[in-house]
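You will see two complexes here that share chain A, one where it goes with chain B and one where it goes with chain C.
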Partner chain A sequence: MVDWRIYDHPILEFDRGKEVTIYLDGKPMKAYESETVAAALYANGLREFSKSIKYRRPRGFFCAIGRCSACMMEVDGVPNVRTCVAMCKEGMQIKRQKYPADYLNPILNLMKLPPAVYMRLMTRPSFIYKPAMTVMRELTGLGKFKKTLPGPAPTTMGSEGTLETDFLVVGGGPAGMQASIEAGQRGANIIIIDDKDRLGGQLLKQTHTFFSDVKYAAGKRGFKLGEQMIAQLSELPNVKVLTETAAVGYYPKENVMLMKRPGNATLKVKAKKYLVATGAYEKTLVFENNDIPGVYGAGGVQTLLNVFGVKPGNRGILLGTGNVALMVAYHLIQAGIEVAGVYAPSFRRVRGYFVHAAKIQRHGVPIVTRHTIVKALGKDEVKGAIMTRLNPDYTPAEGSQFHVDCDFICIGVGLNPAYDLVQLFNPQMVNNGTLGGMVPIRDKTFRFAPNAYIAGDCGSIEEATTAMLEGGLAGLYVTEALGRGDEGVTAKIEEYTHTLEEDRGSPFSTRLKAAIEEITVEDIEEVLN
Partner chain B sequence: MSKEELNALQRGYHRRDELEELDVLPPEETVKEKRVALIECVEEIPCNPCAVVCRLDAIEKDGLCAPGTVDWEKCSGCTMCVAVCPGLSIFLQQIKDGKGYVTMPYEVLPAPKVGMTVKLMDRSGTVVGEGKIVNPTYQAKGDAYPRWVVTVEMDDPALSYEVRAIKIPEE
Partner chain C sequence: MAKKIVCRCHDVTESDIEAAIEAGYNDLETLKRITGVTTGHCQGKTCLSLTMDILGRYKGARLPQTTRIRAPIDPVTLGSLVTKKETK
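Now for the complex of A and B:
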């Protein structure tokens, strides 16, 4: 039997919990309760989870954090479940969404009509739309909705009622947790939500020790820090933690945030202040075949490796030389997986910290700058990659193409702020390349809308340590805004601000600091009106 | 463009001559006299565990972002800084009785044991010789999660200026 799980790891111990049996298209598979469906299927060797609607291309695991939709499958009769966030349960029936379109496709392709075309063509007259949709869903593999879904109907707004609180924190990563700790210790009633089954965000995947000041995070391993913060939060009776809860809407007029809860339930939360700490999405890279299973986001690989202890493959390559790519290369080395090389087009220097680059190279993993990928090889999964050297003007150097043998490719080329929720507060958004993309204008207290604050990667792409400091600061500013400020709060704000400034004092952060100054204003009300 | 023409920041690792120019490597008289630490962290990044952990104040850091420098007079070679450095960039070096010794952090498998013969690798990952593990210790100080600190012995003392990683062959 194929088993891609890691059992020996130099840093981590994997406590997988109770063993359960899940069924893929009727075939039993070994899984654990602590695993997501996607991780369990991957550990059992499944690479193709579904096919794309339009061109029937193979689709598999990609981001592992419920952001992309590559891993959708039918779980216990419900179609289009993102398997990377659904947890395994005993006797779960999982089906690949394979439908008649798979057989029709060659014919439709000959007619130059990809199946999904009908979805747009048949919207008028309106009475055709409903029956046409039923047929199209069936044909394309989007699945058939059951008449009755488990749990209350999703149409009831706030089926779990309305909660009122002082401070609602959206996102349980380093920024959100630190904000809840700082504000929670000073007595405010807090609700912190996260769409995963646990708090911690990306911290739980960081097996390496952090930089920064020893007073905060330095010398500690990320996942230990995450565990510590979760424990700190659980000791605060005024902090309510809601996991598997996604914020799906904000209504400024009513000042209500709508949440989706497990079992199709919805919950409304009315808060005096909001903190958006939703983190970031991974960027991708354009090259031929970049959609086939085996091409992953670097964060997706980190999740597989360090949260679930599942090997992504036997031999991989990394694209990008930022800190994320360099760290994932090191995590792969630690898990005993061969890394064929770290490739990036950078000319001036290796983009991440030098010490990260040095530690992977001394283990025999080459960093190859001035190179990029041309295409991924393989039809249903990655079987290799074609790389090329670049000329100084970033055009591929002629005749320099070569083949690299690998069975997975990690893309670690940076992050985009997850600004979806931010926008619902009607802020002033600006596009800033240095900070990662679209970010809201804010004031010195991280306020970007009358009652909303921002912290962490969704406001500017930085390190986990700076996210923690920003979160802490936002929590303290909210405490002040709630009328709970005192000398202790002011002193703590000064301390945090000082450390944050020191953290951003390296030449790495020069441009970033300037960019943050650019989007920070004295008076936010002036900007909003 | 070949790899040799790149500078250290473009390559992602230093050569010995570049580090000597930066005064990072201890002089030969010092390493022949005692075991001392050397910090191959030359970039300004916000970090300070090495300076905080040193009980002899042998590591000087001018602000959070400045690279640390070792006062070889004060350093006793206690390995504390090797165990805490988040960048895995602190090593100890010694030349004793005509043999070279390098102490380094080790975070991969298989687990090191006394007497094991290992492959020695330089900063670029090239295998430069064979050595013997003389002293693997497991550090679990403070909040840092356990990490091995391994000392290897090599017959050629000159290699102690080059060796920065080991590979333990699978049994």
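Now for the complex of A and C:
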């Protein structure tokens, strides 16, 4: 039986918990309690998790953090469960969601419908619309409800009521944790929530050493730093940690945030101040076959590799030369997986830090700029890639196409700030390319709405250390706004601001600094009104 | 069979979007209504920025705005909203 798990890693030790058995379409499979369903299935060699809705194309997981929709399966009779966030349990029954269109697709594909006409099909004469829709909906779709009604709702389901607190932190990554630590040490009542089963965010996936000169981060591996912060938080009795809790909405009129709790429950929280530290989503690239199993987000690969200890494949390529792509390449090498190359459309040498680039080049991995991917090869999973050189105007250079042998493609072309929750506070948003995308206008204290603050990647795409510093600063500013400020707080703010400036002081960050200055205003109330 | 997928949830391809833009649906709101892009179960977490890039390419500038975001931003079951959990 195939097993893609890593049992021998130079840095990480995987505590997988108790072994359990899960069933895929009735076939038993080995899994562990601490694994998500998607990770367990992947470790057992499954690559295709679902079929896409219209063309019934094979889909594997992509993001591995419950953001995309490629991994939805039927779990224990419930349709459309995101298997990349559902945890394994003994005897779990997992089914692939099948439809007649899965078998009809070869015929349907022959029909070659011109693009963007689907919405005009079968609408005239009007009497055929309804029956045609009924037939089409039977052919394809996503998941089916049981025809019979289930019994009474389980008592674990439903609203858990309303909590009140001083400060609510959304997102348990480096920014959120540092903010909770700083504000928590000064006595405010804090709730920190995260949608994963543990705090730490992306920090827990970083097996490399941080080298920045920020004093508490340098020389430590990311996951160690994360564990240290979690320990610090657990010592504060006034900080309440809610994991597996996702913010679902914010209602400014009622000043209440709605969240989703495990077991089909919801919870409302009314806080005096909010901090949005929701991080970022991965950007993707448009190329042929960019959705087949084997094309992953760099973060997805990192999760699979460093959290669950499952190999994504045997030989991969990376797209992008930002720090994310370089780091994932390094993590893959650490785990003993061959990296065929790091390719980037960028014309500059390398966008990421030189230290990271040098590290992977030492391992014989070529970093190729001015190149991009044209096509992923393979039908049901990636079997190779066709790459091309780019002309200075970013068009593919004629005759420069070549084939790269690989079984997975990892997209690390950058991040988009996760601005969904931010927008619910009705801020003034701007689209800034340097900062990654849509970000809110904020003032010097990171306040972007009357009662809300922002820190970390969802405010500007940078890296973990700056996220920590911003988080710490936001935590202190909130402490001041809550009327708990004193000389110590002011001194600490100064210290943080100084370190942050130093951290952004390198010549590489000039554009970034200018962009941040551009979206920072003196008086936020003026902008909002 | 090779397709360039922009929206994974609703299987919208790059050529779908380009055809729609050329047919006159040249802003985000109408584009989303005609192609279904950004309205899938992931609510545009993958495709919104790609669609904005394609639109921006046609308009020759970065788009200043995205679509309006409304709660819920993460799927919730109706049961969890309408019932009250029994206290232990």
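Everything below uses one rule, namely that the second predicted complex is superposed on the first by the 476 of 529 C-alpha atoms of A that agree within 3 Å, B and C clash if a C-alpha of one lies under 4 Å from a C-alpha of the other, contacts with A are read in each partner's own complex, and residues count from 1 in each chain.
The criterion applied here is as follows: a residue touches a chain if its C-beta (ideal position, glycine included) is under 8 Å from a C-beta of that chain, and two chains touch if they have at least 3 such contacts.
Quantities reported herein were computed from a predicted structural model and do not represent experimental measurements.
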| item | value |
| --- | --- |
| First (chain B), second (chain C), both or neither touched by A:C68 | second |
| Touched partner set for A:V350, first chain B, second chain C, both or neither | first |
| Touching partner for A:A358 - first (chain B), second (chain C), both, neither | first |
| Partner chain(s) touched by A:G505 [first = chain B, second = chain C, both, neither] | first |
| Contacts of A:L421 with chain B and chain C, given as first, second, both or neither | second |
| Partner chain(s) touched by A:K89 [first = chain B, second = chain C, both, neither] | neither |
| Greater residue coverage of chain A in the superposed arrangement, chain B or chain C | C |
| Residue ranges of chain B touching chain A (in the complex, touch as defined) | 1, 6, 8-14, 40-49, 52-53, 63-65, 84, 86-89, 107-109, 111, 121-126, 142-145, 164-165, 167 |
| Touching residues (chain side chain A, partner chain B) in the complex | 8-11, 208-214, 218-221, 224, 228, 321, 333-334, 336, 347-350, 353-359, 361-367, 369-370, 465, 502-508 |
| Footprint of chain A on chain C - complex, ascending | 1-6, 8-11, 13-20, 23, 34-35, 40-43, 45-46, 49-50, 52, 54, 62-66, 68-74, 76-77, 79-86 |
| Of chain A, residues touching chain C in the complex | 52-55, 57, 59, 62-63, 67-70, 72, 80, 109, 114-116, 119, 142, 153, 155-161, 195, 246-251, 258, 260-261, 264-266, 281-284, 286-291, 375, 379, 416, 418-421, 423-424, 429-431, 433, 437-438 |
